[in-house]
Each structure stands twice: as C-alpha cells, then as structure tokens.
Amino acid sequence: MNPLYYVSIVREALNEDLGFQDLTTETIISESHCSVAEITAKETGILVGMDIARCAFELLDKKVNFQAKIADGARVSPGQVVAVIEGRTRTLLGGERVALNFMQRLSGIATVTNKAVESIKDFSSHLVDTRKTTPGLRGLEKYSVRMGGGYNHRFGLFDAVMIKDNHIAASGGITEAVSLVRAKVGHMVKVEVETETLPQVEEALQTPIDIIMLDNMSTDQMKEAVQLINKKVLTEASGGITLDTLVRVAETGVDLISLGWLTHSAKALDLSLNIIE
Amino acid sequence: MNPLYYVSIVREALNEDLGFQDLTTETIISESHCSVAEITAKETGILVGMDIARCAFELLDKKVNFQAKIADGARVSPGQVVAVIEGRTRTLLGGERVALNFMQRLSGIATVTNKAVESIKDFSSHLVDTRKTTPGLRGLEKYSVRMGGGYNHRFGLFDAVMIKDNHIAASGGITEAVSLVRAKVGHMVKVEVETETLPQVEEALQTPIDIIMLDNMSTDQMKEAVQLINKKVLTEASGGITLDTLVRVAETGVDLISLGWLTHSAKALDLSLNIIE
Amino acid sequence: MNPLYYVSIVREALNEDLGFQDLTTETIISESHCSVAEITAKETGILVGMDIARCAFELLDKKVNFQAKIADGARVSPGQVVAVIEGRTRTLLGGERVALNFMQRLSGIATVTNKAVESIKDFSSHLVDTRKTTPGLRGLEKYSVRMGGGYNHRFGLFDAVMIKDNHIAASGGITEAVSLVRAKVGHMVKVEVETETLPQVEEALQTPIDIIMLDNMSTDQMKEAVQLINKKVLTEASGGITLDTLVRVAETGVDLISLGWLTHSAKALDLSLNIIE
Amino acid sequence: MNPLYYVSIVREALNEDLGFQDLTTETIISESHCSVAEITAKETGILVGMDIARCAFELLDKKVNFQAKIADGARVSPGQVVAVIEGRTRTLLGGERVALNFMQRLSGIATVTNKAVESIKDFSSHLVDTRKTTPGLRGLEKYSVRMGGGYNHRFGLFDAVMIKDNHIAASGGITEAVSLVRAKVGHMVKVEVETETLPQVEEALQTPIDIIMLDNMSTDQMKEAVQLINKKVLTEASGGITLDTLVRVAETGVDLISLGWLTHSAKALDLSLNIIE
Amino acid sequence: MNPLYYVSIVREALNEDLGFQDLTTETIISESHCSVAEITAKETGILVGMDIARCAFELLDKKVNFQAKIADGARVSPGQVVAVIEGRTRTLLGGERVALNFMQRLSGIATVTNKAVESIKDFSSHLVDTRKTTPGLRGLEKYSVRMGGGYNHRFGLFDAVMIKDNHIAASGGITEAVSLVRAKVGHMVKVEVETETLPQVEEALQTPIDIIMLDNMSTDQMKEAVQLINKKVLTEASGGITLDTLVRVAETGVDLISLGWLTHSAKALDLSLNIIE
Amino acid sequence: MNPLYYVSIVREALNEDLGFQDLTTETIISESHCSVAEITAKETGILVGMDIARCAFELLDKKVNFQAKIADGARVSPGQVVAVIEGRTRTLLGGERVALNFMQRLSGIATVTNKAVESIKDFSSHLVDTRKTTPGLRGLEKYSVRMGGGYNHRFGLFDAVMIKDNHIAASGGITEAVSLVRAKVGHMVKVEVETETLPQVEEALQTPIDIIMLDNMSTDQMKEAVQLINKKVLTEASGGITLDTLVRVAETGVDLISLGWLTHSAKALDLSLNIIE
C-alpha cells in the first residue's frame, strides 16, 4: 500500500479520538513514564492491520518501538500475542483505541472473507468485494479482503467500466451502451455488463466486453448462462448471495462471486491491548 | 449536527468513489439527461442518514431535488420509499453508492441499537455507546446510536475523564488517580472510574467522582455493587455483554450499559436506489 | 497536548510567514552556515510555549537542536535565557518570528491569568476561561490558562451544556430547558444554567443540573445566591468582572469566576531571539 | 480581500467551536425555530469584520439574512447596532461566538491603531504594522490595521527584503549584504536595511536600498539620522515605541513608525449579540 | 469529470495567485464596479477548459455570469470569442490569470494531440497519453488528450498493471512476472508487458496478458512484432516517437502509440481576456 | 525555498500517481528487495529539482539514500549521471515517475531560460518571468527561472502593484490610478504601470511609480520610450517577444524583458531513471 495513503487516514483518526488532549492520561501519568504493552487476539481469525497500528503509535511519538509478531493475513488464536509495543505510557494509551479500532475492523473483514473462501475452496470460483465499503476506508478494506484470500473488484467509478441497468435503459440497450463505451474508453480499461436475463446474456455476448455479471439470477439460470457464455468472457455472480447459498453458486461454475457483506457487515475481530510492565 | 462536519466527510467519500470521473456514466449518459430515483428500504429497521444522503447528491450538483419521505430515526418496512431524488442522471448515479453506503451503515447501527433498547424497555437502564467506532465516522455513528434510542458515552479522550486500570496502576490507586484528576480538571468535566472488584468499588465511592464503571463483572457482582453504591453515583456495566445477556444485566439495576458492538459490528441495513423514470 | 494538534497549527503559521521562501535570508546566508541562538525574556511573567517553539524550528529542519531551559508555567525574569537553539542559520531565522509570536501570546495569557489567580489566592474561588479565544488557537490558549494557574471551562459547544437566556426563552423556562436536555444528553456531560435573578436561581435549584452561573449580578446578589444555593451545585460568577473587582467577587464565596479577558485581551509577553555565535 | 482566504479561516474556527454538534442548542431548540438578532457595540471604537461575521453565519446556513448596518472602518458608539441577522435560531446561536471572536479582535486592532494614528495626525509620519501578528490571522489583522488608518509593512518573509543585524553579521557588512541581495532579487522587491547607529546609516546610504530602519534609536539619534538621510530613501522608526513616546518619534520627521503592539497586544472591542425577537 | 476534483484544483490555483488580496484591483476599482469581458482565441487550435474557467470566476463570486460560446474540444480560430463573462470587475480581474493559465495549457495539449491524431488519420492506430503529466493536473491533462482526439493510457500506478524491465529483472522473467500478477490481481485489471526484443514478444505471447508494449523498437522490428502477435493481444508502440516519425510507426499496424510529449512539452495555446464594457 | 512548501506539493503528486497502491510493483517485487538507481540526463540543459526528487523518494521511505551528483542550476550533458539513489526497489519504482516529472519540467524551464539569457548576454537587460505559470507550481517554476539565470517578476496579485489597462480605464487615467494606489499601499510595495503609447509613458513619468512597462510596443517605440524615461524609473518590455526578436528588444536598452513562454511553453528536459544493480 502507498504509505502516504494510510498515514493520512490514521492521522485523522487520532485527531478524532484525541482532540486537543487526552484529559485522563495527561493528568494522571507523567510524560516520562514508560511501559510495555501487548496486543492480544481474543478470538480466532485472520489478523490485518500491523502497519496501521504501528503508524497510530509512531505518529504520536516517533521513538515508540512497535514489534509485529505476525504478518498481515496470518491466522490467530485466542490469547495469541500479535504485537508488542514499548514506549511512553502516554503514547501507548493515546494510540490504543485507534490502533485497535482499525485492526479489529480490518481483521473482521479478512476473517469473514476467509471463512467464505474456505467454504468454496473445492471450486474454481474466486470471491470478490464490491464498492459497498466504509466511506473513507475503501483502500484498507479492499486490502483486508485480499488478506483474507479474496480478490478485488474495481476500486471505484474511475478505474473500470460497469454497465448497469440504468445505463442500458438510458442508452437504448446493451449493444448501444457497449458501443458508446468502446468508442471512448482507453485500452487499459476493462468493461463489465450487468445482465438479469438469458436474452441479455446473449446480447452481451455479441459485444466486445470482458465480463458478464449475472445479477440476482437463480442458480439454475446461472448454470445456463455459464454454459451459454462458455468461457468466452468471465462470469460474475452477484446479488443476494449468503454464506449458506455460496456453495450452490460456486457449483454453477461462475468465475467470480461478489459479496457486499464482506465489507459492509463484517463483525469486528476481538483484540485487546494490555500494559504488561 | 454541525453541517460543516458531515459535509467534509461526504466530500471525501465522493472523491474516494468517483476519483477523476465516473468512466461508465460519463461515457454513456449525456450531461442533460434527467431522471427520478427512489431510495427504498429492503428490510425492517430504523432509518438514519437523510442529511448525509442529500449532501452526497447536492455536492455533485446544487440543483438536485432531494425529498426525504421520513425523518431520521423512523422505523421503515420492506418496500417503503424513504426518499425521492430528481436531477441529472449523472448526478443520481454518481452519488448513489456513497449515499447508500452511509445510510446503510448508519441505519444498521440505529437498528441494532433499537433492538437492544427494546429488549430492556421494562428496565431503567440506558444503553450507551463506546469509542469502538469506525475511524473517521464517530460523530455520525454516535448520532445513529441516539436515533436508535441509545445514549452517547464520552466522544473521545478530550471531553470527559475515564480512569482505567492502567491509570490506576500507574498512579498507585484509585484514590491517588482521582486526586490528581480533581486537582487539574475543570468543573465542566465528568469523571468515571473503572472498577473490577467490590473493594475497588468501595474505594471509588470514597472519592469525588461521577460514575463508577463495573467492568467485566458477573451479574451477581454487579447487583452487589449497585446496592453498595446505592445511587450515590451513576453505575455503568461494561464488558462482554451480548444481546442475550442484556436483560440479566439490566435486572441488576445499573444506570448504564455500554455496548461496543452497537458500532463496531453492526450489520448494514439493506437499501436500494432505483431510477423510476 | 495531542502533538498532532499543535504541529498542524505551527505548520500553517510557518507557511503564512515564509510563503515560498525567505527572500532575505536565502539570498544572503548560505545553506551550510550555522549559528547558536538564545530566546530571552525581556520582562517578568509566566512562560508558555516550549513545545510549540521547538516544533517551529524542527518543522523546518529535523536536525535543529532546541534546548528548553525551563518548563512551561515557570516564572521568568528580564534577561533570563529560556531556550538555546543550535542549527543552520537559515532555520533559526526562518522559524524565529513564528516561534516568538506563539510564545509571546501564550505567555501573555499565562501571565495575566497568574496575576489574577494570585490576587485571589486567599479565597477558594477558581478562575476559569471562556470561549472568547483567538479563532484557531483555542487549545493552546486554554493550555496557557492552565499554565498560569487557572482552570478550563468547557472547550466548545460540543463537550458540555450551557443553557443561556436564549435557550430559556425559546423553550419556555429553565425547568423546560433542563428537562429537554436531561432527556437526550449522555451521562458524561455536565449541565450549567445561566441565571440573572434570584428567582431564576431558585427555579434552577429545583432541576437536575451541575452548575449555576450568576450572570452580571452585583456582588450583593451573588452573595445571596451563593447562600441560597448552599453548595448543592457549583456556582460561577460571570460578566464584567475586572482585575479591580475580582477580590470582591471572590469574597462572595462563588466556586468559579470566569474571565473573557484572560484570552481575548492579554498583552504579549516580551521575548527576543538573539544569535549569540 | 480574497474571499477564499477568509472563508477557510472562518470554517476552521466554526469547527473548533462547534465540533460535531452544539449540544445545548440542538437539544433545546427545534430546527425550524427562527429569530432575529442584533450585534451591538458596547464601547467606542472602530468596527472591523462584517464580511467575516456574515461568513460565519452563512457557512452554517446559506439562507441566513445578514444585514451590515455600517461598513468596516466606521466608528461605533456604545449601544449602536452594527448588524442585524435573521435566520434559524440554531444558526444564530451556532455562529454567534465565532463571529464575535473575530469582530472583537479585529475591531480591537483597528481601534488601537486609530488611536495611535490620531495622536500623530499633525505629523507626516505613517504608522505601520509588523509581523508580530496572531499565527493564522495575519491577513485579517493587517486588514484591520488599514481600517484603523495605519499602513502595512511587508506581509511575510517572502514579499520584501529586510536586512537585519544577523544578516549583516553573517555577510560581513551592510554593503556586502545589499550587494548579495541586489544580485539576485527581482525588480518588484523593495529592500530595507536595519541600522542601529549613525555610521550604519551612512554605510546604508551608499547602497541601492529603498528604506532605512532606525532600530531602537533615541529620538535625538533619529533626528540626526533623518537629517543625514535627507529624503534620499524612506526612514522607519522601530523598537520600543509606546503610545506615550509616539509624538516625540513623529517629531523626528521619520516617514514610518512601526508598532508591534497594534497587533500583538490589542484589547478586544466589546460587542454583544442579542436575540431581539 | 467529477466536479469536486477540479474545483479543489482551481481553488488552490486562485489562492496561489491572489494570496490574501489583489493589491492593485482592490485599491483602484470599487467593489460595486461591473464589467463584461470576453475570452478570445489568438491562434488556431482545440479549446479545452470551459468548466475550469467558469469555476475560477464562480469561486470568487457565485453571481458571476459565465457564458461558454463553444464546447470543449471545438476548433477555434484567431479572433474567435470563446466565452463572455459578466460580473464585478474585481472578480473578472481576480480570476483572469488563473482561468487563462488553465485554458491555455489544456488547450495546448488538446491542440498538439489533435495535430498528431490528424497526421495518422488514415491508419487504425490510436494515440494514447502517458503518466508524464504535470504534477497535480493529471486528470485535467488526460481529459484534454481525449478532447484532442487521443485516448487515455492507465491513470496511475493503481488502476492497471504495466510490467516493465525492472519488474522482469527482479522476478526472473516475463513468464514469472505475469504469473505473480495473475495470482493476485483482480479481474477488472488489465495487464500490459513491456518488451524490447522479438524473443521477449514471443515469451509474452505465451502468457495471459492483454497488451504488449513494443518499447524503443525500430519500425522494422515493430512490423515483425505486429505480425508475430497477429492481433492475439493489443500492441503499443512507445519510446522516442516524434511528430515526424509518427506516420511510419502507424504504418507498422500497431494498435496504440503512446506519446509523452502530448502532455510534458505542449506549447500553451494563446488566449486573452479583454474587458469590453 | 521553504521546505514545507514543496513537500506538500510532492506529497500530492505521489498520491496522484500511486493512489492506494502500485499494483504492479507490490505484486511482483518483495518488500525487502533493494536496488541502486541512477538518474541520467539524456540531453543538454540546465538541471533543476534535486530537493524535489529527493523528497519524492524520502516521503515514501525515510531510509532511502539519495545522493545528488550536481547542484541545481548546473549544466548537464547527455549520459551524465545526476543522482544516485539506493533503497527498497518498491520505493525507487514508486517515486520514479513523480521525481522525473518534476525534474524534467523544472529543468526544461531553466534550460529555455538559460538559452534566452545567453542570447542577450552582451546586453544589460534582465530576463524576467510572468504569472503565466502552471497552476499549483508557481514557486517551483519561478525558482527554475532563477536557476536558469533569469529573474522573478512579482509572485502574484498580492506582493506588488501592476496597474494595467483595465485599471487605468476604470479609474480615469494613469494619474488617478497611481494616486489611488499611493494613498493606500504600504511602503514595501513596488508599483508598475503598463503603457502602450508614448503619451502614456509621459503621463506615467509624472507619477510616483517604480517601473514602466512598455507593452506590445515596436522596438522603435521602445527605444524612444527608453530615451524619454532616461533611467528615472525602470523599464520593462513585454508582449509577443520571441527568441528571435529578443536581441532586438535588448538593443533598445530596456532594463527588463518579461517572457511568458519561459514557463507556459517550456519543453521538458529528457531524463531517465535506471536501476543499475
């Protein structure tokens, strides 16, 4: 990741939590008081966020010593120490909540992603994320999906073309929409079309696109569509897929399965920071 | 809410999603093409985020007409239209994802808060949030907790004093820590002390504080502590409380129950935006 | 103080003064030329701003060596050296004015605060500041008040409740206003009510508030109000109090005396920076 | 003034004061409640800051109606209404303190400047400000000096050359320093030299400069220097000049008198905002 | 384009030019003085920048009336009026230089792009830009290339994969590099490989990539490579191509020709703004 | 230069190019992989931008080792190594394009400036730049003009007065415009008047100004104007001057010649970065 990207996010988060001062710590604990703290996993999952957590402490005091005990993407167990931090107590307590808030959220995303990935590991389908991410944290959340074993869909509206129902309606049809896009968009941009019916899939197949999304189709429809498309372009299943229905979707042979809940509804992974000496 | 606060958050979110341009829409749909869109609830819950959603569209085009059909905090049912938006199609599609990402997250927080609040409505305890919020969105998330019927704990490290175990250890005891705080902190600042045992509760009760937190205690311990404190100061239950154990905690008679999962693990409320003409 | 808070203020101040370049120094003095400079007090007062001054030089060159000779809050005499700075001459001259502008203003606030505090040291009243601070520097100015021996009132509109005449008028009375506040505001927020007459004090005393402000009352009225309140809640005297009338106000037995002029009209403390070798 | 310049300063000041919300007003006063408020002078002085105050309210709500009753630079008397504002009560109370904090400070600077200007109105000397301004507010404060009848010295280190003692020492003399400057600096830049003795004045007169500063000289020395210079270049008196000694300095015939206390030690002008209906 | 993107760039440019004030205009021309101005082309070319220019004036005063006489991408002739602006004279003169600086630069890019496009209009090759753009203006410059008839290459390092010589060297070969990329990168990302020899082209053809760049090859080598590739993937000619050699490169049958000088060395198109009444 | 000024420009440029990540490099090259790279000139010119290039790499990784082989303003020949950089390969490739984009543009400006300066080295006229600079990079471009041997005109609208035709028209004449300016503007501000005819020059000469601009005059007119002015004030030739006509303009004896194309139409100097081990 671009370090300038996440440093500015962490700086804003520290300012949000600390404001002008840490009323409690600055009143009770002297500036020179030092401690050692551990960050510990309290449940099983995939840990993400080491550089973010380090950054939270180093922005408050460059001299803090942050030692990561594992790398991003590693599986952790309850009680496992994931990082040890030495420095001024004010720094440790001032950065604690921000470091944990990031790590818990990002690890939660990686953990649920990994669970979903594991559930279809016998199939060839790849899991991908969506743009349904937390405002302001998209780069970090997409990174977490990768750490959990998933893949990234486009980042935003600017880096790939996705022709949706409203585009199709406004332009008069898939053929017309793709034609407009191909006339203007550069050669480094991939084009995906959203389809909801098999006739739409057939129309899309006649156009120069890279991916066909099968949106809100039944798994029977998906199977038929996959056969129709026959690997000529990539296929993506999307819409209303849950952890329970995932295997059945993977069985259809689609190349990609996109899941909004990897990022918009992930449960935080429980972690804690304790001063040990 | 201070409008300057959320406008700058929404602006950043739009830039994150749109970058330099919306490749698809700007290629397919003309600048003058106009539409009407509806935002519709797809499940039951408490809706939050009208001003945020309006702001997402208005930042892209001041002339968009956003009509909220309900107010923040209202309960919605599947299929219910919550807002109607008229304007240029490019504006509607450009702001769609950002508006929904905010509304879904905030409504999810209000919905889970409301569920928890309802579950203990026969008790006097108030539910409160924590600092375990999404980095960068704390003000919005705490607002959502209020819309769901909960109350706000302190905003950050700067607006109230919370004496935790590390502060107690570093200063030599609750009495010493409170004494240091009282000597320096202004008269508009409330002081809470975290206790884990009844002897700590007893010590805290001898000091000039406003709230005693009962951290990770069993409900039996909590009951005993509540009797001991006997309304002399407020009491807050905290640590490991779930929707299942909530009623038992409320039965102890504590004044406040703080729940990190209201904000760190809320599931998004399902909403969609559809162009209707 | 949160270092991220003041670093960004100092960075803006340096950019305001230096713009794109220091035309004079960059033209006359070579990049490698080094010097030692002293910051010297030119009058008696309370010095504040060591971290700010250090920051002004370090932002221009991380390798500068800034040695504080005293701590914030110390009393200084004319001629006393308060800091010694070694580094590139360009850095010393580039940061000089910004460092001094901050130190002189903040020390001026601490000095006048201390003078006021000393004048009522035989009484129990605490002096507190107001929101009448320099736009953009509130955190630094409130810190300076503390360094001078004063206490901080609320920081802004967001961290405590102050019910003023307009709130009372709009809601129909003190009782109604407090009732609205208590129904919505969290348990970590203190509530103060502004009163101008004894009947208002009596009404306020019947409501669950933390502080009663006695606004623009005569000292006779204040005395009466203090007796009436009888330590049930804190009392704050406010409005038109000068250094001359301060003792008489303290004699009334109020707990707090708030003074806008600590921050809005403080005279700068005279300091100078001299290159000594 | 460049409106983009002051709008961003006012926005920061509002965020400093309001944070995420105005706890009191948003709890007590409904969003639709409207009022009319007046800003009234409480003492005699020169008023400055109409555009700033208007901006403070308009940033919170574009629809507020702010009517200035006088123009910046006008003299006001106690009780005089200087502006009337109509709009939502939340907007009026939310912007009140920020608007007043700016107006009081800037008017205080204009008022003390005007007093100093009036005291030497029978002489030809112009009063000028310095770089001893409040960090972050220099443009506003220099504008206030002009509104009070004073003139602006250079804005910062970037828009004019001022050769001071340290530059002279580092380069080997006034002649050498001026020579270095003239070899590099563009034709739109004025050059001033600081002198402390008559021999320095004589040396400076032999060089191609625009202004000679007479720094910390006695009025007798100044008179001699002025005669020596004999209008060949402009002369500026500087250093330790008070309101009491101002006339004597003006009598020396210097062209300019610079006063740091116009900006670093001005007393705020007392103003208040009252809701009148 | 995302309006939030260019508004913030134009705001910075105005602040760079105006600083705190327009010394000349604010001194000479009254606030109420109004004028009508025309922007006129002084040479033949492709005009770009209408929204940017409008924005420069509207940021200074929302009420200015900016009428574009042509659309971005139109060809202009000497003397042709391209926009008429009515408003306060201070606004017209304050925004003039910034509006023209943007329009001249962007139009210069569109003009040179169009000249290059026209020179190979009988061939199928598309012209594309590079990342050799002005720091801070990439989005505007890539838009200008499109307005001139060119196409955009990837925007930055984040939206597409380009495997260059250093990547190949570090990973052990094209096959290895592509393999690493394909294992990790999402399905919406295109992959291009830089080749300098025919054996490299042959190796690249065996891997799952989308584009082969022919870097710094002679036109004879290019022809051979194009035949070898035989439309299996896209081909891009790059490196040292001038307006003089462009036709010969196009004759090789490559799909794309990338030219750094479209953006890094374009001559500004001459435009002027005149007050006409 | 003020380091805070260019660091923030370089940071923005890195974010523009890198976005959230360098897709290619982070996928192919491991975090610990290190390299040595050289920046080499590929044509003859004046090199500018060492601090900017260093900054581009150091912002990505403080530990990179950037060694400048020459100083800004030095002449380089094809093949000459101008800097050597050691560090993590990811850092070298991540900062490469931004570092080169800056250096190439700034060196291009210095190179064309130097060519123009050399062409009139036998005359006394100085070459100066204009405000026709790249939005956002003015300070860097004006620095580059100096490095090429030119001089800087005013920086923006805020640091000097330039009375143009529109100001003259609006105020009623040169005499009136200068009079308004002199009544308000401080003593550190230079005043230039634009003239287009000899009668205007004569009128300007009767007013207290510092420079007369001869705008779009023939060289014959210029000569006459220079004689008329006779060194009483400085003279500046401006408007439509090319490299071909430069000597003839210098022959007229004007003090200054301003050239917009030094900055708005400079060709980039060709440089490359190569990993050498």
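Note that the chains take the letters A, B, C, D, E and F in the order they are written out, and that residue 1 is the start of every chain.
Quick note on the criterion: a residue touches a chain if its C-beta (ideal position, glycine included) is under 8 Å from a C-beta of that chain, and two chains touch if they have at least 3 such contacts.
Keep in mind it's a predicted model, so treat the numbers as computed, not measured.
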Classification of the chain B:chain D interface as same or different, half of numbers criterion: different
Repeat of the C-F interface, chosen from E-F, B-D or D-F (over half of contact pairs identical by residue number): B-D
Approximate Å spacing (C-alpha centroids) for the pair chain D, chain E: 44
Interchain centroid distance [CA atoms averaged], chain A/chain E, Å: 32
Distance from the mean Cα position of chain D to that of chain A, given in whole angstrom: 51
Whole-Å gap separating chain C and chain D, where each centre is the average of the chain's CA atoms: 22
Interface hub residues of chain F, defined as touching at least two other chains: 2, 18-22, 94, 138, 155, 158-160, 184-185, 189
Each pair of chains that touches, named by its two labels: A-B, A-C, A-E, A-F, B-C, B-D, B-E, C-D, C-F, D-E, D-F, E-F
Residue ranges of chain F touching chain A (in the complex, touch as defined): 11, 14-15, 18-22, 26, 59-61, 94
Complex interface listing, chain A residues touching chain E: 2, 126, 128, 146, 151-155, 158-160, 184-190, 192, 210-211, 234, 236, 255-256
Chain F residues within the chain E interface of the complex: 9-10, 12-13, 16-25, 27-29, 33, 35, 89, 93-94, 97-98, 100-102, 104-105, 108, 131-138, 156-164, 166-167, 169-171, 177, 180-181, 184-185, 189, 260-261, 264-268, 275
Chain E residues touching chain B - in the complex, by the definition given at the top: 1-5, 138-139, 142-143, 155
